[in-house]
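Sharing a structure with you now.
As written, the chain order gives the labels A, B and C, with residue 1 at the start of each chain.
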Amino acid sequence: MLTIKNLKASVEDKEILRGLNLDVKAGEVHAIMGPNGSGKSTLGNVLSGKEGYDDLDGEVEFLGEDLFELAAEDRAKKGLFLGFQYPVEIPGVPMVNFLKASVNEHRKFKGLEPLSASEFLKLMREKKEMLHLDSQLTNRSVNEGFSGGEKKKNEIFQMAMLEPKLAILDETDSGLDIDALKIVADGVNALKNPERSTIVITHYQRLLEYIVPDFVHVLYQGQIVKSGGKELALELEEKGYDWIKKETV
Amino acid sequence: MEEQDKILHEVTSQEYKYGFTTDLEMDTIPKGLNEDVIRMISAKKEEPEFMLQFRLDAYRKWLKMPMPEWAYLKIPPIDFQDIIYYAAPKKKAEYESLDEVDPELLETFNKLGIPLEEQKVLAGVAVDAVIDSVSVKTTFKETLAEKGIIFCSFSEAVQEHPDLVKKYIGMAVPVADNFFAALNSAVFSDGSFCFIPKGVKCPMELSTYFRINAAGTGQFERTLIIAEDESYVSYLEGCTAPMRDENQLHAAVVEIIALDRAEVKYSTVQNWYPGDKQGKGGVYNFVTKRGICRGESSKISWTQVETGSAITWKYPSCILMGDNSVGEFNSVAVTNNFQQADTGTKMIHIGKNTKSTIISKGISAGKSDNSYRGLVKVLPGAVNSRNFSQCDSLLLGSTCGAHTFPYVEVGNKSSIVEHEATTSKIGEDQIFYCNQRGISTEDAIGMIVNGYAKEVLNKLPMEFAVEAQKLLQISLEGSVG
Amino acid sequence: MTQLIAKDIALNERYTSLFYENKEALEKGSSPILNRMREIAIKRFEKDGIPGFKNENYKYTNLQPIFEKKYQHIFEYKRVEVDLNDVFRCDVPQLDTYVVLLVNGWYYARNRELTELPDGVVVGGLQQVANEHPELVQDYLNRQAALSDDPMVALNTAFAKDGFFMFVPDNVHLEKPIQVINLMRAEESIFATQRNLLVAGKNSQFKVVFCDHTLTQGEFLSNNVTEVFVERDAVVDLYTVQNQNNQANSVNASFFKQEENSNLLTSTATLHGGLIRNNVKITLDGEYSHADVYGMSFTDKKQHVDNYTNIEHAKANCTSNQVYKNVLDEDSVGAFAGRIHVVRDAQKTAAFQRNNNVLLTDSAKMNTKPQLIIDADDVKCSHGATIGQIDEEALFYIRTRGINEADARLMLMNAFAHEVIQEIRVEPLRDRIDELVDKRLRGELARCHSCDMN
């Protein structure tokens, strides 16, 4: 599904990603862990097409296509979803309108008719129920005035609506209390199927108790320095990142 | 980055779709302005003596006034002798039935989406259609008359209700108020008149639709709205003009008088021809709009969506005379290409416990300049008064300008005035967020701009809000809408 | 241009003929660097004249009445018969400064010599330095002021002979602040024209405190201009404390030009005085430069204080922050006009401005005119202005804790002012101004002990 070879990226002469390799197959759940500043968020941003990164280099293939050739919205429509660490507020734009535009763009891409208002509302209702979401959220402007937890739940809700092939969840667990964390994890698990892959970017092992990864990778100084199964996450939780740092040095 | 600039460029270059002209048989007078021309206009309209005197008084004062230069605008010199001050469709100014209306004219309004056949009119909107400053048709007149509401062309009001006109004309905008108001007072040809008697809530939206058609003409219409005690009316104004290479002058005056506990809502969607992408042609929109809250607890609110005109010079204002009276100003102003706008409001607090709110949203694109200019003045006697102003500017692209010039003057200790203004570019992170959900940059900009302007669009009557939203999109997008 | 009426013309002629009649006296003893601009400047002054209400930049301050009064003009330094070093002694505790005295706009001849100044630092009178070290003056004097279209700046340039001069060479950090005491002292009404020039070389640092005082009662009119050049990487603090008698009127124009990565803090506290107009023009002319601009005033009786700022973001990546606060009592009038101008391509600008005012009586009046002129798109700019009174809810809250109303009010007004005071980077000065403000708010004369004779 996703193959990353020797990915490099920098910001203002500072190298953030320094030759990262990763291979994600359909149906797999990968966790990427690492200390602050190791390049975790940059990875999500670069994959989803955010501008402002210099010296992009390497190869990224997504569903058989060169990802770098695609604009951000085209990557999205092909099925790449980024759950933002800090979802931006868009004042005055109702969540419903935003999401309807988004869902219909995805449908148009797949050659499907746009959903009518009632069909769309029905779909929204189903997904909300599935995720046990408060229905008020969709009446407000995109992320405006949402609490940290609401913003994260809103990201998962959008993911459920758009049914991506590959979801990258950037620190979706940060700032969540245990209940919100469960809702987020349940959502991710409910959407799991053999066709869909997930990359969970996280700082803590906590989320991985609920979303069980097939692989755990440690990102450090812009490279994956260690990979393993879910037990690696536990080891990290116990020992911290220092031993990895030492090993790398 | 370059990609985004390219899209921004595409998004911000659109064509004006109301730029067609109509071939109508016109009754025009020769170019130029002098006392004889004014007498001729007055005679053509068979006006009573007081109107002629009003015009001549205004003209004599106008001669001594200089063009205002304080606005943040570059106004090319205007030759006031090179303008035709009176142009009207040749047939008589008011029609008994639609059968008499020139079919070309009907077609014009149909093209503009303003059907004059009453059965086709959007439910609940009465329309006064003004072409080249002359009212051609007022719908629903009889229905309104049953309630005692007078809604007719200004010329008709001068004939039928001279006492009302005499009493109120010039009350909010004195003849020598400013250069353009004086010019209008001297030469105005027609416009709308509206009178809501005591205790009457007007059952439908009243609407005037203005169109400049003839070449070389100026449009000088005048609107007078009087709301007696405890009355209510919501008034809408729309406007378009053909695409012409020369600039056309539009100098209108709107006066509103609100008596005790009366409320008037005045909404404008201004879409005069803005000129082409090189800045050629377009309407000079120099308008004086002012309302007086004469009565206690009266309320006047101005809502405007300004997308058109080459140059806009316009400050719809409220004079809050009555105790507890309320003034509101809500504005969205979009400038693109070489457009210039200097627009805002004045809130003059005279009565006790008066309140005013100003919300201004400016959006600049292309090589345009967009300025907010506003005055909030609290006189010493206006104790316990309040004002809140929020003026935001959004910049699309690096070649446009956004400027804010508020003036705040407070003369007593019990009043509170707050002004806030921000200027920023459209959020790249917002666009990226939309992109990540599969929405194109073009659509994202449209969405974000509409969201940004929402607070003001929400104040418009429903039918208008939809039109305004579309207009915003057209002003900034390719062919969408 | 404003249209001049006969009365204005007569007033302006008074000052232009005063110039031509005394041209010789003005030029005598002055360096050609000063003299070469005089005639150009008086012609420029003639064009607009003394600003009245019709001048948009002086919309809220009519200078004509104070310029119509009769003053004595002094065209050469007058010996002072007493030793001002004895008359004046600043008693601010722990305020360890180099003290420089000026009297009626002239550098005091018997200033004590400043020993311990680092090598290359020059502190002195403008007239003397311009004559003895023209190379320190010629590249700077008028390089900002001549670009101004303010007729009062032109009038200063035409008449100025002396003032405060300071030069700090590259890489020199002056730890101890320089305290410039401007004393007004005369038996009769005096018109003063003071011209200051301050230059901070590359990577240098200094702090200057200007204290404006009057030693005698009586009317004064000062028309002052200060030019400050802040070179690359330099850090400059400039504080002004205005504490004069209520018949001392002044127009003060300050120009600051900042080069790359420089840092400027300027703060003005207006406590006592008559009609005071402060113009601050800052040009951020090098990338990554930053300016903090603060001001506050406490006025009563018929005082009139007008602060006018113009921050020009001429280069990309600069930041500026302005906060002005005014408390107006009795019949005083305040005005604030602040302009932020971001020129085309000055991208990544962040510019903020705030003006908060409290009116204590119904006869006090405040006018504010913040302005944003933005010609670049990648910017964050905002301004906010409020005119109102002390927050009644906060007042009530404090009273419910057992504090009487008068003290509660004082507490809130001190807090209101403190936001500006806390930005002062010289601790003893900060404490002193805090104390002066507190006294001022209590209605006591906020005198600096020996150096103030209100």
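Everything that follows uses one rule, which is that contacts are C-beta pairs under 8 Å (C-beta built on N, C-alpha and C of every residue); 3 or more make two chains touch, one makes a residue touch a chain.
The shown structure was predicted, so the numbers you read here are calculated from the model rather than taken from an experiment.
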Furthest chain, CA centroid comparison against subunit C
A
Once every inter-chain C-beta contact is counted, which two chains account for the most?
B-C
Per the centroid of Cα atoms for each chain, what is the distance between subunit A and subunit C, given in Å?
55
If you average the Cα atoms of subunit A and of subunit B to get two centres, how far apart are those centres in Å?
48
Using CA atom averages as chain centres, what separation in Å is found between subunit B and subunit C?
44
Any idea which subunit A residues touch subunit B in the complex?
48-52, 71-73, 75-77, 81-82, 84, 87-88, 90-93, 97-99, 101-102, 105-106, 109, 141-142, 158, 162
Interfacial residue positions of subunit C with respect to subunit B in the complex:
56, 344-345, 347, 357, 359-389
Quick one: in the complex, what on subunit B touches subunit C?
70, 72, 380, 383, 393, 395-425
Residue ranges of subunit B in contact with subunit A within the complex:
1, 3-4, 427-430, 432-441, 443, 447-448, 450-455
